[in-house]
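Two complexes are shown next, each including subunit A; its partner changes from subunit B in the first to subunit C in the second.
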Partner chain A sequence: MIKRMLAATAALAITTAFAQAQEVKIGLVAPFTGIGAELGQQIDRGVQQFLKLNAGKIAPYKLTIIKRDDKNPSGADSKVAVQELLTQENVDALAGWIYSPNAIASAPVVSAGKKLAVIMNAGTAFITNLSPYYVRTSFSMWHAGFALGEAAAKQLKAKTAVVGYSDFPPGKDSLAAFKRAFEANGGQVIDEIPMGGPAQVPDFTPFFQRVKDKKPDLFFVFVPAGDHALAVVKTYGALGMKAAGIKLIGPGDITQDIKLQAMGDAAIGLITMHHYNADLDNPVNKALVASWKKDYGADATPDFVAIGAYDGMAAILHAVQATKGKMDPDAALAALKGWKYDSPRGPIAIDPETRDIIMNEYLVEVVKGADGKLHQKVLGKIDAVKDACKAQKIGPCAPK
Partner chain B sequence: MSATDLQNHPAARALAQRHRLRVWEGLPWLLALACYFAFPRYLGFGTEILITVLFAISLDLALGYAGIVTLGHAAFFGAGAYTVGMLAKNGIWTEPITGLLLGAAVAGLIGFLSGLVLLRTAGLTLLMLTLCFMGLLEESANMGADFTGGFDGLDSLPIKPIVGMFEFDVLYSKTQYLYVLAVLFVCFVFTRTLVYSPFGHSLTGIRENTLRMHAVGAPVERRLVICYTISAAIAGIAGALWAQANAYVNLSTLGLDRAATVLIILVLGGYGRLYGAFVGAFVYMMLEHFLSKLYPEAWQLGLGLLLVVIALFARGGILGIGEELRRRFRGWRNKP
Partner chain C sequence: MIFGIDVISTLLGGVAAGMVLFIVSVGLSVTMGLMGFVNLAHGGFAMIGGYLIVLAMNRLGMPFVAALAIGFVVVAAVSTIFERLLYSRLYRATELDQVLFTIGLVFMMIASVTLAVGPETQPLTLPTWLQGQINLGFISYRTYSIVLIAVGTVIMLGLWLGFERTRMGAQIRAAVDNRRMAESLGINITRLFTLVFAFGSGMAALGGGLGAEFLGLDPQYPLKYLVIFLIVVAVGGLGRITGVFYASLIIGVVDFALKKYLPQGGTVFIYGMTILLLLWRPQGLFGKST
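Let's look at the complex of A and B:
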């Protein structure tokens, strides 16, 4: 409540400064309770930080955020929330979606409602095919997975790898993306291990022991960011796999910034491919991280979920400016197709064909800094990476 | 005492009139229809409530009347939903009303087969086994991603218009609301008739005193299995409706969340009372919906407090409170 009031006052302050501000209403759908609440909070903060740091650019418009809790990945709650935002609140744009099933279930409503809808997290590759009004500012699992497959063979010079993944679509997507790229570049995946589901953190020891016995050069892991990732790194350390010469790699979900410090020294040397980490050295990111720590405490940090929300708001603001606040959906979409922006993650663009994001991918190693904390050091980057699944029209990503 | 005396005995009259329709029983239906006209922008949410009412009624039949303690009722909800979903996605069957019947048949069959085995146990064992059985179904749906869509589910189901005329309404859910209301009415009339039939009374007998029912020669196990099968079929209809109304089906239809929520709803409203399902679903979902709108981050607190109060002070649920008040009022009026 207090936060709502603060947000309202902030919005009011901006309004009063420009007496004739034109209001644009944005419905924000994300889980604010339950197991996804931490992710919902990152979305919320990403949005608030964008509004705060870009207050000057937003004027003379006023962006009003209407939050709805979509609670769980059932699809139904999210769909009702989207319905009501469109029919009761008459929002000009929709945004949010942490869970892919919710974005999938909402797609028909978004199409019927004919409003710009910005996906700020949900990563299943084919979602943007489901509605012409979807624009994605987060990522697809193929962005990092495919890029890491190439890098593993070329830069890390690995010959063999074992893949361990959480047994749900992002995990399977990651496996498919990594394997395709790794094997196309001369590597070989010698074992694929499903490691439980996303709902509970399993005991990873038996899976990891199996990997240790196979002695691959690399162990590629995809698990959901959060407590899964924490357990993976701890198990990796406890089994002495680093000493056995097996490198742990994965998309940046396993080194999510808000969990990194809790992982301890076992995380040192971990190699990931991702589009964002809080240590990225560019002025936009520096300003964001500083403001974030000021507002939410020295230990708080933005992560890739927050960046999806931050850039999502940037996309909406661009659409607002391009349509002079009218938010006509076709004009807004036309303005966003090919839109370029300087994000905290570096330069990004929206692919005019797929409405999905194009961004840099960074090959990153976890190191211990002089301050005794863990940091992420960029080893190399790949410019302007597209979603490989849609670019190569693989499986369900092929347009219907 | 002659036969006529016995017939006029207050207890006998009460028994004979138990199943009679009361005036207030029309009220929920009138209210539901009034909501259609009064709140045209809330019908998507309204449809969710009506489907939950139907699901809670199916659970009431098993739990409230026959005393079958189950925590796995979403197994049948999901079976109905996936039947409709998989048939529609592959273009095999997209007609909605027969789709409901197919959903009911599949769920009923699964209920019958699992009931034959599970209902040999009772109490906590049964609770755990029903939970496990639901878990098995959920995991099969997760692993059979080629058929079920796995975690992402099956989207954009092509469901035909109802009786070839009424298209499902994506944005306002108007058609869905009336369609679900009609199906709910039919299922409710069926369930009401069933629980007041001799079969229904024998179920209550089993719940209250299984040993005595055995002693009077009632086929206890067979009745329980039949009841469980019917209850599963109705849950299957609820699931099928959910899949049709959302044009979508995913793992949540088979999840513990759904099974536990419907149990809470039934206990909140009052089980073994038929109308507990209506009151529970309405109160629980309205509170959840509007609290989560007002306080997107802290709404569970309000709901949790209500449940604690009900659990502590009103074992018969909300309807139980009403009955208690009526009894006290009568007692006070009849005092000399």
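Let's look at the complex of A and C:
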């Protein structure tokens, strides 16, 4: 009798342990309401599309997504959301973060929680230094900013530029990256204009009027993707800056795919440097775009925010497989260092030294296609770009 | 760039922004002056109007001007229902009750719009004749700003004439200055207020549509701009159309100029200026002292 009970208990223990190994809980932190709700939706859809398109590879594991709304770029709500996910939901991994201030504020909690944390968007360069558990599958502002600074001087042959930026960490980062590369190649930044914050879209007219009066060759803008970008391009068009010979350039935030069509003809001729746009011609991207349009409508499209989430899920799945579902944080991190993947944006890898992404950057121009819609045409490609801020150990990017 | 033209372009930009503030805020000022009712949901009517106008254009292909008219009429009509069913119960309530009620209404409006239309900004595509630049002889400037300045001026003149020269305007002025005396003279304040409320909400709707090019249009609209609308009313003085007009222009121009010449300062100046102004004249720049 006792033997049988022992055996039953042992069997139960084994099945429970087995069942626990099967399910991996992932806490997803993103703004699902408020001004960033649209970006949160792109994150959510990117995650869902990965799970759908890779359903065959996930078994025998089950990835459960637990969503938490971090509402705004203040940092405070995000930190609370991360804390709840760790202490109440006992998640095995964290993911998300649209806004840099939120990833910065969450860093101490992530470190204390000792779980793999995949940054799917927030782009301030030094964030990955703030916690050893952070891995980034999105981008650093220096990826695009630095490469564009070089291209602006060399390919676009510009002499002068004005930089306008949203006044928060990635804005300052973008300014620093562009300025460093542009001035190292003989260009000159003649004015730097903080243009309001990320929490609400300002009226850009006064700032752009100032730029128009300064008459630079280029106007480099960093604003958060979404409604900020839409307002930037519309104001640029309405003030006749294109006709005045001032070229609008920036990281791909200003030509985010989900906003591109609403920008209208003012967007034609915009030059950006970025790692993704929905027009990229490769089989992985084509499959994603097709599935996306089928699920969310013909007008819907993935964008770089969705790709950060899609690749973030790929990274998490890799960690799950490598740790056999246990998600021991040190083993998960070790598995991701040097991990390579064929992403919709092209080949990517995680830099083993910085836990940041290595990827291609594309120099892109907005053109009007034969279908009457706006498209992004690749003018040039730079292979395997690392985050220049950490590679060159600049300012807060230098390891402590 | 010649210094003079630089200043003129700043003035034009600031006045155009001020006109939007005026069109949205004028109703708020009059209803607050008339009934002493703190309607924090006023921006919500501007948002609903803006949504009606933009959706009528984007989904039904309606021309801009027709959509503006529809927005005005529909929001004025809907606000009458709100006023009769909800607001009228709180006229004699304390200010705290009024604030709680109207702020609750704002949150319901935000949630309803998010649910019905979605969280994203609604893009307004102006008709081609309003896009681009217009040559004024001495300067080329954004056509839409110039049109807004003209429209705002016409509205101001119309309202001023209506206020100063009609029987109804006289009744409103009387009621703002001394409600009990006006009531004893046989003026039907309830009916008057319903009409003013509907008209003010309709104007807000018009402002929501006309201003969408500058202020954008998303569900957070009523909260985002609540403070600036209240500043306009506080600076202009309660129940004064000319006061709100001048206050809007001053705030529009000062805000525009400071952003252009001192972008590092952010919004700090406009709030600082408001504090100093209200310390100096608590009844507002153009309000009558009580």
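Assume the second predicted complex is superposed on the first by the 378 of 400 C-alpha atoms of A that agree within 3 Å, B and C clash if a C-alpha of one lies under 4 Å from a C-alpha of the other, contacts with A are read in each partner's own complex, and residues count from 1 in each chain.
Everything below uses one rule, namely that a residue touches a chain if its C-beta (ideal position, glycine included) is under 8 Å from a C-beta of that chain, and two chains touch if they have at least 3 such contacts.
This is a predicted model, so every value here is computed, not measured.
> If we overlay the two complexes on their shared chain A, which of subunit B and subunit C does A:K67 touch? Say first, second, both or neither.
It touches subunit B, and subunit C stays clear.
> Does the superposition put A:G380 against subunit B (first), subunit C (second), both, or neither?
In the superposition, A:G380 touches no partner, neither subunit B nor subunit C.
> I'd like to know which partner A:A37 touches here: subunit B for first, subunit C for second, both or neither.
both
> Please indicate which partner A:P101 is in contact with in the superposed arrangement: first for subunit B, second for subunit C, both, or neither.
A:P101: touches subunit B, not subunit C.
> So, does A:G395 touch the first partner subunit B, the second partner subunit C, both, or neither?
neither
> A:G75 contacts which: subunit B (first), subunit C (second), both, neither?
First partner only.
> Once the shared chain is lined up, is A:P169 touching subunit B (first), subunit C (second), both, or neither of them?
Only subunit B is touched by A:P169; subunit C is not.
> Pick one for A:P352: touches subunit B only (first), subunit C only (second), both, or neither.
neither
> Is A:G269 touching the first partner subunit B, the second partner subunit C, both, or neither of them?
Neither partner.
> Enumerate the residues of subunit A that count as touching subunit B in its complex and touching subunit C in the other.
Comparing the two interfaces on subunit A, one with subunit B and one with subunit C, the shared residues are 33, 37, 167, 197.
> Which of the residues in subunit B end up touching subunit A in this complex?
41-42, 44-45, 48, 142-143, 145, 150-153, 155-156, 170-173, 242, 246-248, 250-252, 255, 257-258, 292-293, 295-300
> In their complex, what parts of subunit A are in touch with subunit B?
Residues of subunit A touching subunit B: 1, 3, 32-33, 37, 67-69, 71-76, 79-80, 83-84, 86-88, 100-101, 104-105, 107-109, 111-113, 124, 130, 167-169, 172, 197-198.
> For subunit C, which residues are in contact with subunit A within the complex?
Subunit C residues touching subunit A: 1, 6, 9-10, 13-14, 17, 114, 118-121, 123, 125, 131-133, 140, 142, 144-145, 213-216, 218, 220, 224, 255-257, 259-261, 263-264, 266-267.
> Please name which positions on subunit A make contact with subunit C in the complex.
Of all residues in subunit A, those touching subunit C are 33-35, 37-38, 41, 167, 193-197, 200-203, 205-207, 209-210, 213, 215, 226-227, 230-231, 234, 237-240, 243, 262, 264.
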